[in-house]
Amino acid sequence: MLEFKEVRKSFGPLEVLKGVDLTISKGDVVVILGPSGSGKTTLLRCLNFLERADAGSARLSSLEVDLRNATKKEVHAVRQKTAFVFQNYNLFNNKTALENVMEGLVTGRRIPKEAAREKARRALDKVGLSDKLDAYPVQLSGGQQQRVGIARALALDPEVILFDEPTSALDPELVGEVLGVMRQIAADGTTMLVVTHEMQFAKEVASRVVFMDGGVVVESGTPEDIFGRPKEERTRQFLRRVLPEEYNYSI
Amino acid sequence: MLEFKEVRKSFGPLEVLKGVDLTISKGDVVVILGPSGSGKTTLLRCLNFLERADAGSARLSSLEVDLRNATKKEVHAVRQKTAFVFQNYNLFNNKTALENVMEGLVTGRRIPKEAAREKARRALDKVGLSDKLDAYPVQLSGGQQQRVGIARALALDPEVILFDEPTSALDPELVGEVLGVMRQIAADGTTMLVVTHEMQFAKEVASRVVFMDGGVVVESGTPEDIFGRPKEERTRQFLRRVLPEEYNYSI
Amino acid sequence: MIEKYFDASYIWSSFPQLLPFLGVTFLVAGLSVLFGTAAGLLLAAAKLGQSGTARRLADGYTTIMRCTPSIVLLFLVYYGVPFLAGQFGLNLHDVHTAVFVVITFTLQFAAILSEVARSAILAINRGQYEAAVSVGLSPLQAYRRIVLPQAAVVALPNFANGLIALLQEGALAYTIGLIDIVGKANLIVAANFNAHALEVFIALALLYWVLSILIGQFFGFLEKRLGKGRRTVKAA
Amino acid sequence: ADEDGVRKVKIAYDQSSKPMSWLDENGNPTGYDVEVMKLVDEALPEYEFEFVGTTSDDLLIGVEQGKFQAGVKNAFWTEERTKKFLYPEQFLGLSSAGLVLRKEDEAIKSLEDFASAGYSLAPIAANNAQYTVIEEYNLAHPDNQVKLKAGDSFTVDVVQWVNEGRVDGGVMIEGPFEKQVTAEDGPYHHLKDEVVYNEFAVIKTWPLFNRNEKDLAAAYDGAIEQLKKDKKLEELSEKFYGRNLFDVLESAER
Amino acid sequence: MQQSLNIPFLIETFFTALSGVPVTLAVTAVALLLSVPAGFLLALSRIREIPVLRELAKVYVSFVRGTPIIVQIFITYASVPLFLTAFFEKYGIRANVYEINPIWYAFIVFTFSTTAILSEVFRSALATVDRGQLEAAWSVGLTGFQAFRRIIVPQALVSALPNLATATVNLIKATSLGYALSLQEITLKAKVAANAGYNYIEAYIDIFLVYLILCMLVEFAFKKYEQRASRFMVRHA
């Protein structure tokens, strides 16, 4: 269970989050859609305390935290329960792909090294990177880096995974595979919050879709609701340009 | 006109480009498709000498260069005629959005500062960033950074633009806009080589589609040919998983 | 003209006299680097941390320590510490001079190292820290496992600058009667009534050069090892 | 004071001021000043001297601060210095100062001659007693001054500098000159026909006591008076300076 | 402490020491002005792995950085005049080597040593800049030189400045070694003044104060510059 209440965040004079409320049930896959700059990344970052919110609180199963004034301990507790897939990957530059995945397991979760290695290997295998275990991030292509980032989060078995455009660098073939992996994990009860620009993705995996714009949640509902019967004019406008006639182009 | 001949590149034991040939006419928009790690980025980088190829040559209108042994002058000449949109943006960290776009104009092309500023402003306007002119890269969202990268390349009015997944971080609304801008520039005679994972994009703007895998060009042709009548089994396989039934999902 | 004053045999005969005093040089530099690095890291942490007071204190400390000539600092410690201790009834007049020298250089090296460390840590993209805490590392673990190893590569050349300077600063200890190799060289020169000082100092320079080459090699090796996975502006 | 009534005192000495005081190759303090103080120690059963080698600067600060009870560094007497240090009644020794000159300048016998010739002088370490001698000469002869420069104690090799032509003259004391040039095995024996040594002054040197050490100074006075009577100091002068400077005691200006 | 300070002397000598500041600053300024570009080029030759130059740079750094400055001063001051005299004689140049102002030796020695230090400072700083920045600069048509001047160096400066500040402050303090050349700088002047009355404590206090003031000003300037240079890193508008 994940719940945001009244999350606010400004950068100087720029108000990026203007009070965001969001409730996600355990095992749900919630997709956040929204134009560039609407505050999607910032929202995820606030939950993980990578950015200190100006106001608001979050609840993670039994753990309720004030996003502005959380103590060090609370912050650490939240981070232990969550995993983050970064928009720009942020792989550890000084570690190989395998070590990138192992790090959180060994140092963060205190899993014995051998078990962690096995786990990391399986995670990388799932995203098709068995042949790049010992490559450093600089030796990986964009899509390969992104997949290491995904594997790193998955291997942690967290309660909640925050994905920030996890498939932007992947070819559609891989998107399909990653999608499969995510579906399976969701079925195992992991809650997922996914920022994405891929409508297809949203339609296929989301149990709920949230549309954000200008720092607020404009509308949220099932994919059928949002794509089929959007209530708000802004949503309709976004979708109109996003899912044009041509999308039904048949091959 | 842009032509690659027999481009080869290995990283240590890993052969990434195994002899790539490609010919692109002036004003063409060629889209390169292919799975992650197939060497797409490496190909673009070799043309711009960001990576020294092991063998091969390229021709850029009247300029013929050996990709392995080009002189400093030739390298600079090629770079002056081309622009690159990086997969990971690579914005100049110490410059604002506006300065990022101006840099190549003022220092590289020796355009007077005022004219350059005007030009840069227009380019940023085209990608919807008029309100972020003075923001530094760290202050921009992923999509905003990517758009600055695009504007930076467009503003140069080069003969050839090399795009490496230029819309990966953009929401579909913006993809549409950027697409429009690209179409217009193509109409003005700029040659474009675009690596992308967005099939839609390929279908809509490409004058030719190239499918790469394992360091070679597997197949190339018009979008209709490639998507409608792929000749090679590998292409068919890729497209089958990429354009599944659901793509025709109607809202 | 030169051969009138220069006699290379003095170079060779100086080595056996100088070498035994290398131990003092190493001891002073080694201990100071050890303690200074530990203190310097704490200072750097204070400078990069949230607390404004801690930051100002650390900044002030650095300014004063960096700006005080070593010889003055040495006198301050050598005379000031026993004096202060005396106020509390402690007699430190018989403590070995080496202790004061080590305290002095520790204080100074800490200040220099704090700036080396601060600049190196700032050079590491914040995303690295963020990724580390996002996989459940505590901030301390994130620094120890991810940020510091990368910062170390950046810091190494500057650290070597400081370390080598410290090896030479040991010469100052001579001022209060602690004899290291520079001090010994001075004594040899004095014993010759300043004749053939050039040869003695050349011998000293050669010794230092060898040390410096060894240190350079070692740090080069460390840089290579720790620098795995780095993609810098090097190599065109 | 110790339980057996013996008081340990620290006597600092300049460890690189051969032949007045230095630390020899075996790590033992020696030199004229040090050896005299050793004799004083022997004569004073109620005191036990510990010799601490250091530099001139530290010696001065240390004695002033009380870290050392006394120090020897070939110090001269000046009025001003008595404000900082306790000078005893009895001087410690004599020090000769002479000009090292090129053979052709043999005729220059005094600082006046040297100054009149407009010659350049090798730098003298600012904390060296010789510096004071020249400085005082300059104060006394404002219109015929020697060009005095301060420098480093280790880097000026007077004999070489003069012979090389880097400077026209330098100040030295006799003993070292003897050992470098006159002695058969001296490093500059080959220059014996090119440089000369002309003495221009003999000066008394003093130990410096911390201002609170009146008793120690008095004890020193008693002991050294006896040593002088026993001609012990003359022996040491002979030993370290190659000459009994007490022969010319009357000519000592101070 | 035990003795009371000689206050009039303390005050008077403060100004004596202060009068040594111009010499100190002259040596510092000349050494910095020459060694910043020289150190940068050395750093580049190592980063770009230019064959012979890179090895030479390594040897240079190991020697000049590795040996005490006072020893370098001594060796230079003792041997250069000898060589020069021999040289002048051979070619019949009529010049007196010993009339060269010793400050020239200081310029040379301090420039050389600071170059070695700075080359390492710059090498480390340049390596903090991601290669992508250089690639982007090339891709918009900048030459390598332009890329360094406009993009790489301004970013490298952020991590270079704190160490540059240390090097500068150390240089200022090291100029006191000029006493070996009889340079009329701060330390020597104060110590000469101290000799007559053995007022060394006061002299050292004055030396302390003068360097403290001087170095604090320099440090302050560097701090301000660093703030300016790292503007682009602030995450908040």
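Just so it is clear, A, B, C, D and E label the chains in written order, and each chain counts residues from 1 on its own.
Please note the rule applied: a residue touches a chain if its C-beta (ideal position, glycine included) is under 8 Å from a C-beta of that chain, and two chains touch if they have at least 3 such contacts.
Per UniProt, the chains are A, B = L-cystine transport system ATP-binding protein; C, E = L-cystine transport system permease protein.
Please read these numbers as outputs of a predicted model, since none were measured by experiment.
Visitor: Measuring between mean CA coordinates, which chain is farthest from subunit A?
Guide: So the farthest one, by centre of C-alpha atoms, is D.
Visitor: Could you let me know which interface, C-D or C-E, is made of more C-beta pairs in contact?
Guide: Per the contact counts, C-E leads.
Visitor: Taking the mean of the C-alpha atoms as each chain's centre, how many Å separate subunit A from subunit B?
Guide: Using C-alpha averages as centres, the distance is 27 Å.
Visitor: Centroid of subunit C to centroid of subunit D, CA atoms only: how many Å?
Guide: Whole-Å distance between the two chain centres: 36.
Visitor: Using mean CA coordinates as chain centres, what's the gap between subunit A and subunit D in Å?
Guide: 82
Visitor: From the mean C-alpha coordinate of subunit B to that of subunit C, what's the distance rounded to whole Å?
Guide: 50
Visitor: Send over the residues of subunit E in touch with two or more other chains.
Guide: Counting only residues that touch two or more other chains, subunit E contributes 1, 74, 78, 82, 85, 132-133, 204, 233, 235-237.
Visitor: Where in subunit C do residues touch two or more other chains at once?
Guide: Within subunit C, residues 1, 5, 75, 79, 83, 197, 230-231 contact more than one other chain.
Visitor: Multi-chain contacts in subunit A: which residues touch at least two other chains?
Guide: 11, 88
Visitor: Touching residues of subunit B toward subunit E in the complex: what are they?
Guide: Contacts found on subunit B: 48-50, 76, 79-80, 82-84, 86, 88, 90-95, 103-104, 107-109, 135-139, 152-153, 156.
Visitor: Spell out the part of subunit C that touches subunit A in their complex, as residue ranges.
Guide: Touch residues, subunit C against subunit A: 125, 127-128, 130-139, 141, 145-146, 149-150, 226, 228-231.
Visitor: Under the stated contact criterion, what part of subunit E meets subunit D in this complex?
Guide: My answer: residues 1-3, 6, 73-74, 77-78, 81-82, 85, 98, 179-182, 188, 191-192, 194-201, 204.
Visitor: If we count contacts the way the header does, which residues on subunit E are in touch with subunit C in the complex?
Guide: 1, 47-49, 58, 61-63, 65-72, 74-75, 78-79, 82-83, 85-86, 117, 120-121, 123-134, 144, 152, 158-163, 165-167, 169-170, 173, 176, 187, 204, 207-208, 211-212, 214-216, 219, 230, 233
Visitor: Enumerate the contact residues on subunit D facing subunit C in the complex.
Guide: Interface residues on the subunit D side: 15-18, 22-25, 52-55, 57-58, 61-62, 65, 67, 153-160, 163-164, 176, 179-180, 187-188, 190-191.
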